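Encoded as structure tokens, here's the structure I'll be asking about.
Chain naming follows the written order as A, B, C and D, and within any one chain the residues start at number 1.
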């Protein structure tokens, strides 16, 4: 059997694909619209858990549970969006970070709903005929591809230009009659709802949901990948995730198995390398690997 | 004798083509050990690896079916238990997936399907006491536990509190899967024993202080505090109690036997309390224990833990049982192995106290009944083994001693009445 | 012991190290205009120095406090000179500076992890003496922590509002261009402030450590609460940091006394988000 | 008659210092009006109060259109611009990541164009805008529309073009000559006048270059110490003694 189809590889590639989707959505939020969303794990985790709870605790049919979960995330993102729409960047960063922490904490305390740390038992694939994992990976890839294509096209449309203008100089854009608050809220709700949707697709991949799946590590990984790849380029998320998560969490972990007592050092060195790449990227190449070069003057 | 296989297949061509190892019956029997070397339990890793290698040392002097058991210790915290299990089974081709832990349910459906198709892996585990009682013990799901259910352990704590004469208790548990399940079990057991559960308090892991939680528990004035947490968390609670001038009767779970407990609490604080008892597994005196104790204390692994450490004992017993069952089954096929586990570990059959005695008797065609260090080692139909319980207490920051044995059958009978985890 | 008094006393004990940390954090936030997440590692380094000094060198606990906090003060200045000042020079915006400080925090925390390993470290041969105060038990370490808070707060207040250096610092923070024009040397003043903040962080680390244990996550687990306290207390406002720390300490203690402790943190987070919206400012 | 702006009892103070005190003012009764006065007279503050960038302490600002009065006091910046009252910026600034053409397309895009779902309308949107963009690129002498405006002059020109492309009813120009290449100043102002003529647009120019004011404006308001002291034809204002003492005495008229 061709090795790609092993449950191990499918699981890894599905999680990597999930991160590509999250990083690309973060490109739309931060790279394009300038919203410093440090609560990525909050929207993704809320989508995953809402779906799991609806499906398992309330036995809602599969497609309806996904729809409702995404709707819940959209509603919550509208509320958070309203909170952060007129705050400056640092306040947005801390507010969204606090939101992500609230979601993780509530998942731990509301045991009657989420079973808390004991874990919410096995979320099935929509297609349970044995190659459910393969189909899930295909669907995740299709959704991610759609998001990347949307990100690539939207940049070259009036809406993309509007978001870029708002990011660069909001008062100037408002002076041209653009309702920047409404547009900021629209892109935020759309992309957060999509993060929730990716969460519903990730639930069956993880199969057994526990609060430590939705720790702050998810947000930091998406951010590091985007900064390294290139926050303003639609493919920044793809390249960033490939160079960080794919290389470290799949290639090295799989093909360079290290004796167990050195395993700790590999993870530690990985995080140090993440930290250093972040520092180097921000200091010397703020627009990342795919960032545009020096701007061309018109004279 | 540490057997490591460092496999370097880093070539880009092999990027997606991890070769899955085919095996012939004649090859070695591969044991994939899910061992925590990163994450919150990383200090357990070396101890678990050493205890496993120690047990394999005896088995491989005269291996079952003449096939040496080769250990692959794989850290599971970094990549996740599910992914590490899949890598060990699919690409390393292990015959035995050893020590599945809390996240077993995330790959349970997959592995049951894989076993049905490929006849491996066998799944002996000392951590599976945290999994639902209904899982395991069959040819379809060859999961066999090396210790009683966590719930039984929690029932023992409640039972000993009753034994100490407690009428009312407060039950504290940290936000960890095993601890929360133990809390529910202890609460129900306490009620069954006629004790009043005044409150159940959840504490967060990795905090620097639990003063408010301890104060709240103390204000309720319970006769005893049943606490299910890691050693260092228990240590902080006892220290906070002493700092606040409060003194209570504490009953802790086996993790408190790690030296993190007294070193965090400081003996000064421990001595101010009415009493601190740790309910854990004890060994069963007899030829098995005598052989094991002398061998462990003479081995290169002796500094990893005292001989009486429950993990060390349980791993020794489960490795012996697994090897003997393979010999009895005549194959490393997990489905046949499962059928023979009970055969080698329960009556009828001549009682054997070490792997050496067991393998010899099997080769003479006798039926055997393995009596382990941790107990008579009899399995119920869902792969749960009986065990010996006892209460311990710390003498100083390095030494603890067994205070009193707890009646094992009383524990099992009380545990079976619990509703939270139907058989 | 009524619920309220124990919540207040417990709150004060909880708050003491938090105040030290919040004071340090808010100083950097006020002067450099961004939230330095890597400040968490100053706390951890302070804790590790103290534990190593007491157990390895057998120093008395009180003797280890000063050197431990000085070390983390020096480390704090180094992070400023080596990374944050060049970054400011390159005109990196406040949001990117925070992400940069996350990177620095990762490198420092996991670099320390490589050296000290995963185990927990303890103040083994150190034991406080126990007193009784208002019906509640208190230890000498807790009293020292609270005393240090008062001393450091007073010293910082005097420094900021009664000394030439303090005035220059406030000038630099309030109106950078005006300060530069009037001959304030930004590097010297900033280095001094980062040093003072590092010392405060190290002190906080020492007491967090002695109250429980020391591992590489001591600072990291607290950084979000410290950020919230310094923003609620008002950036650069020492009195605000103290009041906010006490308020947070007392409320979380009170909630932990009556219901699930985690609800205390959740309520704080929700209040914090509402606070940001109402006051519509972060810096 | 076109739109006019009416200000009643307007007052704005910063920490006790009164910056604007205008009991009564009507702007844009004429096609092109001027607003002159010494530095610190409060001209820019008045502009900001009208366009909603800042809120007045008391008083109201109304837009009179076809006999109806629309209350725009303190209305948000983008809604005032949406009503056709647009302002060019005194401070030189630009959208850092947008090219010259992008900036123009930004102004020309309508609400319908700017839907998050409109992924496929780009090509004919550009075709629709091309003629008007080509005119302005030529008029403003931009060498390459797909490049960025780097010099101050280019940024200023682009700022003005962005406002013109909105086809405003009233264009408030805050010191347009500052930063403009001197040889282009007359051309630009001539272009603005032509556009004003063609699109029935009113213009109010704040300027220190008085020659430009006297030449272009039909009516001039003189402001000092936060108050409108007098207004009239350029000839009346130019020869007024008060204006000469308070203002022209300083500047090299």
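Before moving on, here are some points about what is shown:
Basically, a residue touches a chain if its C-beta (ideal position, glycine included) is under 8 Å from a C-beta of that chain, and two chains touch if they have at least 3 such contacts.
Since this is a predicted model, take the numbers as computed values, not measurements.
Graph distance from chain B to chain D, where chains that touch are one step apart, equals 2.
Chain closest to the overall centre, judged by the mean of its C-alpha atoms against the mean of all protein C-alpha atoms: A.
The interface holding more C-beta pairs in contact, when B-C is weighed against A-D, is A-D. Centroid distances from chain C, each centroid being the mean of CA atoms, peak for D.
In this assembly, the C-alpha centroid of chain C lies 50 Å from the C-alpha centroid of chain D.
Inter-chain spacing, taken between the CA centroids of chain B and chain C, is 40 Å.
For the pair chain A and chain D, the distance between C-alpha centroids works out to 43 Å. One inter-chain figure worth recording: chain A and chain C are separated by 31 Å, centre to centre, where each centre is the mean of the chain's CA atoms. Among the residues of chain C, those touching two or more other chains are numbered 118, 260, 262. In chain D, no residue touches two or more other chains. Residue positions of chain A with contacts to 2 or more other chains are 108-109, 264. Taken as a graph of touching chains, this assembly fits none of the simple shapes: it is neither a line, a ring, a star nor a complete graph. Chain pairs recorded as touching, per the definition above, are A-B, A-C, A-D, B-C. Put simply, chain D touches chain A in their complex at residues 51, 53, 76-79, 81-82, 86-87, 89, 93-98, 100, 102-103, 105-107, 109, 113-116, 118-122, 125, 142-145, 147-151, 154, 162-163, 166.
Taken together, the chain A residues at the contact with chain D in this complex read 150, 153-154, 156-159, 161-162, 164-165, 167-169, 171-180, 183, 186-187, 190, 232, 295-299.
By the touch criterion stated above, chain B contacts chain C in their complex at residues 38, 42-43, 175, 202-204, 206-209, 211-213, 215-216, 219, 232, 235-236, 239, 242-246, 260, 263-264, 266, 268, 272, 397. Residue ranges on chain C touching chain B, taken from their complex, read 1, 6-7, 10, 13-14, 118-120, 122, 124, 127-128, 130, 132, 136-139, 142, 208, 211-213, 217-218, 221-222, 252-254, 256-258, 260-262. Residues of chain B touching chain A in their complex: 4, 6-10, 14-20, 33, 35, 37-38, 42, 45-46, 49, 73-75, 78-79, 82-83, 86-87, 90-91, 102-103, 105-110, 113-114, 175-177, 180-181, 202.
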